[in-house]
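You will see chain A twice below: alongside chain B first, and alongside chain C after that.
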Partner chain A sequence: MLRLLKKALEVGEATVEYPFKPIEVAQGFRGKPAYDFSRCIGCGACATACPPNAITMDCDLERGIKSWNINYGRCIFCGRCEEVCPTGAIVLSKEFELAVIKKEDMYCRAELKLCRCIFCGEYFETFREIEYVREILEQVGLTKKSSESRVQFLKVCPKCRRHKVARIAALSNWHVDLNGRREENGTRS
Partner chain B sequence: MEPEAKLQELKAKLKNVIKRSVYVYRVDCGGCNGCEIEIFGAITPVYDVERFGIKVVSSPRHADLLLFTGAMTRAMRLPAIRAYQAAPDPKIVVAYGACGCSGGIFHDSYGVWGGADAIFPVDVYIPGCPPTPAATLYGLAMALDLLQQKIKREQWVEKEVTPVLPKYEGVDPDLAKEIEREARRLSGYLYGRRIAAQYLEFVREKDPLAVDRKVKELVKQEKDPRLAEILLNLHKIYMERVGHDAG
Partner chain C sequence: MENEIKGQQDRKKYVRALYSKFGASILEEKWQTQDQVTLTVKLNTLPEIVEEAYYGQGGWLSNVIGNDERSINGHFAVYYVLSIEAEKDPNKNLWLTIKALVPADKPEFPSVTPRVPAAVWYEREVRDMFGLEPVGLPDARRLVLPDDWPDNLYPLRKDAMDYRFRPDPVAEEENYQFIGVEGEGIVEVPLGPLHITSDEPGHFRLYVDGEYIVDADYRLFYVHRGMEKLAENRMDYDQVNFLAERICGICGYAHSVAYASAVETANGIEVPPRAQYIRTILLELERLHSHLLNLGLAAHLVGFDAGFMHFFRVREKAMQMAEILTGSRKSYGMNLIGGVRRDILKEQRDQVLRLIAELRSELDDLLDMLVNTPNFISRTQGVGRLDPKVARDFSPVGPNIRGSGYTRDTRADHPYGAYDRVSWNVISKNGCDVLSRLLVRAEELYESFKIIERCLDAMPPGPVLVEGFTYKPGTYALGYVEAPRGEDVHWVMTGNKQKVYRWRSRASTYNNWPSLRYMFRGNTVSDAPLIVASIDPCYSCTERVTVVDVRKKKAKTIQYQELEQYCRERKYSPLKN
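This part shows the complex of A and B:
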């Protein structure tokens, strides 16, 4: 009996004082994905990578908005979003106290503005992503003059871009052969 | 009295009565048993939920609180309903784990009906895959009104366009990409990104000789041979590129 008491005193208390005092989580603990709205460009890499589809993206073409949604109730804390994020907008924090009473509190939503295509006028990409690409092109060292036309070219949607490139190629190489057909295309569209 | 209001009143009364003696019955509706392991982790002496009187019992007839773990599968929905009906009213229902909250990674499987909330009225959701014993403790304490909820629904709207700048300001993006890729190849995305950021801090100097001196100094001081190796590898990429540009 005494020996047991002595042993117990030697070992001390094993129980953590958690709810009364904050607990220190292990190094590299993957908790709630902390979202930094000011760094998000809305590229959708995280939504593509997310295994349980906790992160989803949606386009509202009426309002010109791309929305980013996360459901913490579905998140499996794998960290794939952090791995693929090009700007570091999403980082897994150490927060683990995520219990909620209402399901709505587990959701997080962000809305990014979409840019219109300068030719067809349809929404196609977020302003932030275009700005981000422009910034990178500038850093790579494009001259001011050529980057000006490139900036304009960034605001062309993939569909129009394909049309333009095809038209330029056709005009420059097979001007005579395709001249008639080009007009045909023009009338059809 | 409205049935909903009456239920709330009964639940408040129940919480008042069971204060320091809460019997928990857990129902596995078709999960991977990770959540069970964490629940049993929570009743070990380290986390010791029994100091709050929370006890895991083996029959739903004794239970005040039902823990539904795992996605609600088609095959387990009837046993889950039986367990729910066997528990005496009023009872507290807790959806446990990512699967219990919303179906988790199995949400689009053919045999899954969603989370526990697809069938039962849930009082508290404890997300996590699996929730750690500390998160379990927090969630159960919240179910018993001992602690307050911490997270809230968040919503951001972009009012005016604010540009996002690339991560490594002032470094050639091609070089930054190559350095980060190599660092991630050698040490994984988490440490790779940190090491790449650390290295690119030096590169910002622009003067290759100064960069070379500083990196060599850092490598000499570094006690972890793995980190020194990675830094040297990154440095090789940088020096090759600089040499190429000069030549």
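This part shows the complex of A and C:
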């Protein structure tokens, strides 16, 4: 009994004054995911990786809008979104006080504009993602001239791209010589 | 290497012995790894062969899996997983799985329970989830499905239902039949069923004669979350790691590791050594906070509340270590298939070593105080006896069985992670009572300190995650971890579409419940909460208690606080008036 009292005196106060004083968290603490709209390209990698479906993506093809949504109420703070984001648009912050008065405050939504396909005119991908791919192509050293035509090609939706390639293949008469080089003999449309 | 080859021969010995006894009944032999083998046997010989492996070869029942393989081979299947550890040598121990195909048009299989009692819960669950009838199973009640669930809807059949579907309830009231114990002066005491302080409901029914418990029954699974169905329908392999971690709020990381290693083993993915060490360190960290919590609770239940507060005070250091190493106090979120997501840096290592040193010296004082508290020994010694014979029949796990004289510990019997690369001891006690189980936990804390310190010192450099592998559909393997409460055994069969075909996770407490009934017998009502707490069942108390006097047909509800107070002070029995 005496030892217990001694221990209690030794230890003193074991509790902290939180919430009346702020509390420190460790380096690398995984808190609320902070979203940087200016960096987001709307690729959806985070939504694919998110285990609890806290992050979801929607497409509104009427308005030409792709939206990024997060429900902080579902978030488990695993940080997979941060890990898979190619542009660093999501970083887990140290914030952990997430209680809200209104349920709507649990949600965050961002809208990104979609680009139309230059052939069929359908919306298919965000401008930012196309720009992101263009930058990558430039970085890997494509000359300006050839990348210009490639940039145009980037604005073709996957469906038209498949049609286009199939048509080229059908109309042109491609031969492969014995050295593995491709020769083009037909007319190209 | 030589050891391994020799071990392999030793392991084959068990299989050969089965062949010599049941030769014609064994249809197929398939080795998943050096120490995991699956034998497909004829359905009618299933009970005999499982019995032989269990009692004849020194096996323990670690898992039973039901599986809907109609799209693969036109049948249902049951897998009985036994851990053969008779020789107590990790090079000779074996995971033996006995598989039998169950015809789709006649979904019945002979029950193993009459021969091996440990199978009772598993077979009730297989019946609930797959509609496979264990012929000869003495217990005809549901285990997992609620009373208001429709008949003939078996959730885990692939064609049964969407994972989001919730059928309309078919019953208005609970109609679960508790076992009937009748006799002069026997009173039925229901404990529960809802609002457990640690969020996990369970309904106990104690049959008491005066103050003494003559028998007990319980109903659990009020919070079944359908995780297995969810995983196979909606999640990819990496995502299930995070789901598995949420099986338990205390020992979740153990589940995550068990799941990940099952997938890794099934697909032949080699986890880098450094990641193995990190997983080991985090698993021990989890054991620290879990055991400290249980010791604190035990102090609370014997009326030593100051001790309870102190255990929780020092437990905070374990939580801090987790925060430093993983970025989260609980639910570490560290696993991906192929390794871990964060490395341990030097600064973090130093912080953890310092906290361990502090924790160790604090614990010395606290344990000394706890054991020397006048009524601690008298309240726990000889109470809640888990007879070694009962233990042998029901395959309990963890400190529960190690308190009854056995040295079963998955970390030593089937080493995984870095457990065979650092030295440590398996703790075991012979008292078979609440005290022994508590002392096992107390001493294990010191082993955990040792393991963490040694792993931090011996960690090899290198990558912590491998990538770029492919998943092979249709392969399966076991993943196993010694969680704070005992072994967790997961079984994963891979599917196509980047999803698991079947994920079966068996938590440690699942194996500990069936023998609890025998631990209650002969003890007083006031010891009941203490006995439940001593198996550390992820929750330890019940909110309210109803007393039914069978003779007077009178029911009375007692607040949980009253029973808890009675447990602590043993005065003013609430049963008396």
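Simple rule for what comes next: the second predicted complex is superposed on the first by the 163 of 189 C-alpha atoms of A that agree within 3 Å, B and C clash if a C-alpha of one lies under 4 Å from a C-alpha of the other, contacts with A are read in each partner's own complex, and residues count from 1 in each chain.
Criterion: a residue touches a chain if its C-beta (ideal position, glycine included) is under 8 Å from a C-beta of that chain, and two chains touch if they have at least 3 such contacts.
Here the structure is a predicted model, which is why all the values come from computation and not from measurement.
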| item | value |
| --- | --- |
| Chain B versus chain C as contact partner of A:Ala8, first or second or both or neither | second |
| Touched partner set for A:Val140, first chain B, second chain C, both or neither | first |
| If touched residues of chain A are counted for chain B and for chain C, the larger one | B |
| Partner chain(s) touched by A:Ile76 [first = chain B, second = chain C, both, neither] | both |
| Partner chain(s) touched by A:Pro51 [first = chain B, second = chain C, both, neither] | both |
| Which of chain B and chain C A:Glu97 touches, first, second, both or neither | first |
| Partner chain(s) touched by A:Gly28 [first = chain B, second = chain C, both, neither] | both |
| Overlap of chain C and chain B interfaces on chain A (superposed complexes) | 14, 25, 28, 51-52, 76-77, 79, 83 |
| Touch list for chain A against partner chain B, complex | 14-16, 18-19, 23, 25, 28, 32, 35, 37-41, 51-53, 71-77, 79, 82-83, 86-89, 95-101, 103-113, 127-128, 131-132, 135-136, 139-140 |
| Residue ranges of chain C touching chain A (in the complex, touch as defined) | 235, 238-239, 241-243, 246, 306-307, 309-310, 313, 320, 323-324, 326-328, 331, 333, 341-342, 365, 369 |
| Touch list for chain A against partner chain C, complex | 3-4, 7-8, 11, 14, 25-30, 49, 51-52, 76-80, 83, 92 |
| Chain B to chain A touching residues, read off their complex | 45-48, 51, 98, 101-105, 107-108, 115, 117, 122-129, 131-132, 134-135, 137-139, 141-143, 146-147, 149-158, 161-167, 172-174, 189-190, 193 |
